[in-house]
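Both complexes below contain chain A, partnered by chain B and then by chain C.
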Partner chain A sequence: MIDQETIGLLLKGVNGVTWQSLVMIGISFVLFYLAIAKDYEPLLLLPIGAGCLLANLPLSPLVASDGMLKVLYDMGVGNEMFPLLIFIGIGALTDFGPLLENPKFVLLGAAGQFGIFLTLLLALLLGFTTNEAASIGIIGAIDGPTSIYVSGILAPHMLGPITVAAYSYMSLVPIIMPPVVYFLTTKQERAIRMPYSSRKISRRTRILFPIIVIALVGTLVPFATPLIGMLMLGNLMKESGVVERLTKASSNEIANAVTLFLGLAIGSTMVGTDFLKPSTLFILVLGLLAFGLDCAAGVLFAKVLNWITGGKVNPIIGAAGISAFPMAARVCQRIAQEEDFENFLLMHAMGANAAGQVASVVAGGVVLALMGAGG
Partner chain B sequence: MENIAWGLQMTVLGMGLVFALLALLWLLLTLVLKLDKEPEVEVSAQEATLEAERIAAIADDAVGAQTPERPTVNGMPADLVAAILVATHKHRKTMRRQAAPLVRIAWPGSQIFASRWLATGRARQNNNWQPRGK
Partner chain C sequence: MRRYTLNISDREFIVDVQEIDADNFEVVVGGETYQVNLASEENLAEATITPGFAPSAASAAAASRKSAVSRPAPVAAQATPTSTPAARKPAGGGKGTQTAPMPGVILEINVKPGDTVTRGQQVAILDAMKMHNVIGAAQAGTVAEVFVDAGQAVDHGTPILKFKE
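This part shows the complex of A and B:
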């Protein structure tokens, strides 16, 4: 006989539905839409959406203490391993040649981190704690793994919205960046042509670069060692050319597997009761602001360089001093060609963009060092 | 207020440190490049852009660097195919217009030339609608 208890057990799932879980399931659908229909960072937004959906289904066993998503979180996000493994893959795919050809552009990368600290100030004004404010500010690094790494240490409870914001804004570079550049530059400035001189970068220099960066940054900002160490390890493997199999594995198989695990684990942190707060909205807005401020600071700094060099630097490339490599550089090239079709800025913008990648990791380490965390 | 003062301190110190570190890196890299003694040669912007495109294409595979794939037609970008189509169509129209005075057999409105429309009408008029033999 079917008694009251059996019916209760059968309806346990339906009874467990809350309005928060329904809203979060709706958000997971939005993430699926962005990934599948709009092609916005599908490699991450799709697993994040799946993690969010699975974690918000009523009484989901996947987020129980020994559930798969919880195990994945403890295995690689709680101890910061996944973002670091992804960094090896990124390093193995990044060619720092454009930066080595024009080392002065490393300063554009530094200017592109200004948004981190200005957003930190704004977050403090809105009443966030110091750790939370620093975590929100780091969205301005426009670097997914750095954002996950820093916020995972400083404010793990905000990991979900920060990751979603960081990756969403990275994919929105072509939409967010151009208005900032147009607002801050004149038609004449955008049409400036920059001369090209190519310098053959020897294999020795290419191998020395990651070693120098690890030694320098690791010594002066030890908190940045995990991030810069893994990024440069990947690059060293690539440039040395002696560990082809490891390079391929870290940029393909390992990166793909880790991306899936990372996305699912991050998505599982987006549980309705924790996610649906006014602070989430503030995080999303402040993240967007951080991105805009980064671009603005980069452009303004490039304008200063243009003034110092007597009109030899196109201010557009300042906006590429962020970490979204190589998308930011491509957007700069497109803006320049809208003014003058024969203006080729891509290589210079790639130099600034590669600098932004190093600078965002350094900035992440500096934030951790100043907060006294991450050691 | 205390938090804001701390935030300002963070901003000044943080940006100062980031700039100082990267300036030091700039100096070191310049030094390494000087020791490398590789000659600097002028290259055209197109050549540099091609090289940059090659580097960017490799980095496109990195997670978080993806750009949406552009639609293609038989391996060619769809917008390029569309542009070629429009250009050839326009070219064909221009050629027809330019060739018209030479190839037409009669000027427009001429009594000796009947358009297809007119010729068909005349043919229909000449046809008897009644069945043959009746």
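This part shows the complex of A and C:
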């Protein structure tokens, strides 16, 4: 009755197991562990882990041509819509007040993107193509949506590892950033107090800021228009105060739903045969390096500012010039407080961090322009 | 802008203080304008302004011509006659009130009047920009009074607690 063919059909799943799929399933378990036990960016790593697990099960109908994960990918990752939708939510959550109070910190945000270009050069030396190298460098800004956006255009085949690197490092900011800061600063520098100072920022300024940034950045760096446009749209909705329902929906419901879709779709790109290559390892290592270099560039530039101002800028806040808003600023505050519990430089770090948020988007646009994307 | 009318030894002074930002003020005394920078702020004791209180503060304002003063006179709203210059020691040894270092919401108060604390010991948690900041005691001593409750929004400089003399 039960012939060879029937058994073959019944065991199709078991026979479809490959060593790559087993390794990838193991990786999905690591992602689950980081998300659930370690609480590292669980909102992203858990769906990514689930996408990875589901995509690597034998025959995985979910990534077949009409599979749900494939549909999600085509719906919002392949065409860049998901990262842009998330940016509206990020804009609605970002308070540019501390930056408007201390506009000079925009320089720290710019300095914080320096590592991107150093890493780009290094990746070129290691034999990556220019497009791949640019996508890897962007990881250094620790700005997930921008990384997805840029690599989706320049190197879609590397989207999986780049996204995993960007979001893993984002969750590792509290672990990776302090050693860089400690290495580059002295105890005296870290103890420089930056007392709270604020100017009253008028509502008009807060509303005009996102509009002017859209127009200015959009004109100077057209490739950054989608990202900066959505980021500042979210911020305009927040600051205008007239569309509270839209602001809430963008920063909660829409951002949450899209985060789930994005995580699953990204996880589904981590199919063993594509993911388990030496280049993935290089991406992870180079991404980490880019992150470290971005922090270092920010800190070194803050030291220059400190020297110019005659000792009024604590170099720690330079590290907040990367993106990863607002976590980077919080880590800076924690480092400062370890040296001197009465030092509250959080608002200054927030200013540098908000600048980094904008600067990483601009850097993404500059990279796209340099690579001649879009023909 | 705030206007302070001070009576110092029966002479009346009108002091106008314009806050430019948290630590810079424009102070107008007797028709002359001074740019005043607040270098440090310590609350040495808690009291309301009384007409007779001002000597130390007024002299500070007078001394402020061009140079920065350690404390712009009119902002010394909480000073009392006891806050003579001699009592102005650095935070470590001084007695007085501890204020919020930045705007935010008090999440927790960890001490109550009568508690003895060491310098740096956690007295409160301040949520600023969604970050939980530990506020450490500015000095060792006994807590005399706590001015804020959990859940209360505070501004930069809002008194949090006062230490016993």
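What we mean here is this: the second predicted complex is superposed on the first by the 371 of 375 C-alpha atoms of A that agree within 3 Å, B and C clash if a C-alpha of one lies under 4 Å from a C-alpha of the other, contacts with A are read in each partner's own complex, and residues count from 1 in each chain.
In the analysis below, a contact is a pair of C-beta atoms (placed from the backbone, for glycine too) under 8 Å apart; a residue touches a chain by one contact, two chains touch by 3 or more.
This structure is a prediction, so every number in the text was calculated from the model and none was measured.
Asker: Sticking to the clash and touch definitions up top, decide whether chain B and chain C on chain A clash or fit.
Answerer: After superposition on chain A, chain B vs chain C: clash.
Asker: More residues of chain A are touched by which chain, chain B or chain C?
Answerer: B
Asker: Using the touch definition from the top, say if A:L43 reaches chain B (first), chain C (second), both or neither.
Answerer: After superposition on chain A, A:L43 lies in contact with chain B alone.
Asker: Which of the two partners, first being chain B and second being chain C, lies in contact with A:I86: first, second, both, or neither?
Answerer: After superposing on A, A:I86 lies in contact with chain B but is clear of chain C.
Asker: By the touch definition at the top of the document, which applies to A:L233: first (chain B), second (chain C), both, or neither?
Answerer: neither
Asker: With the two complexes superposed on chain A, say which partner A:I27 touches: chain B (first), chain C (second), both, or neither.
Answerer: After superposing on A, A:I27 lies clear of both chain B and chain C.
Asker: Just chain B (first), just chain C (second), both, or neither: which does A:I153 touch?
Answerer: Neither: A:I153 stays clear of chain B and chain C.
Asker: Is A:Q337 touching anything from chain B or chain C once the two structures are fitted on A? First, second, both or neither.
Answerer: The answer is second: A:Q337 touches chain C but not chain B.
Asker: Of the partners chain B and chain C, which touch A:M170 in the superposed model: first, second, both, neither?
Answerer: first
Asker: Pick one for A:V213: touches chain B only (first), chain C only (second), both, or neither.
Answerer: first
Asker: Going by the contact rule set out at the top, does A:I316 touch chain B (first), chain C (second), both, or neither?
Answerer: neither
Asker: Check chain A for residues that touch chain B in one structure and chain C in the other, and list them.
Answerer: Dual-contact residues (chain A): 95, 98, 195-200, 326, 329-330, 333, 342, 344, 346-347, 350.
Asker: Sort out for me which residues of chain C touch chain A in the complex.
Answerer: 20-24, 91, 101-103, 120, 128-131, 133-134, 136, 138, 156
Asker: Please output the residues of chain A touching chain C within their complex, sorted ascending.
Answerer: 95, 98, 101, 195-200, 326, 329-330, 333, 337, 341-342, 344, 346-347, 350
Asker: Enumerate the contact residues on chain B facing chain A in the complex.
Answerer: Residues of chain B touching chain A: 3-4, 6-8, 10-11, 13-15, 17-19, 21-26, 28-30, 32-33, 36, 38-49, 51-53, 55-56, 58-69.
Asker: Please output the residues of chain A touching chain B within their complex, sorted ascending.
Answerer: Per the touch definition, chain A meets chain B at residues 38-44, 86, 89-90, 93-95, 97-98, 100, 103-104, 106-107, 109-110, 113-114, 116-118, 120-121, 124-125, 130, 133-134, 143-145, 167, 170-171, 193, 195-202, 204-205, 208-209, 212-213, 216-217, 220-221, 251-252, 255, 259, 324-327, 329-330, 333, 342-344, 346-347, 349-350, 355, 358-359, 362-363, 366-367, 369-370.
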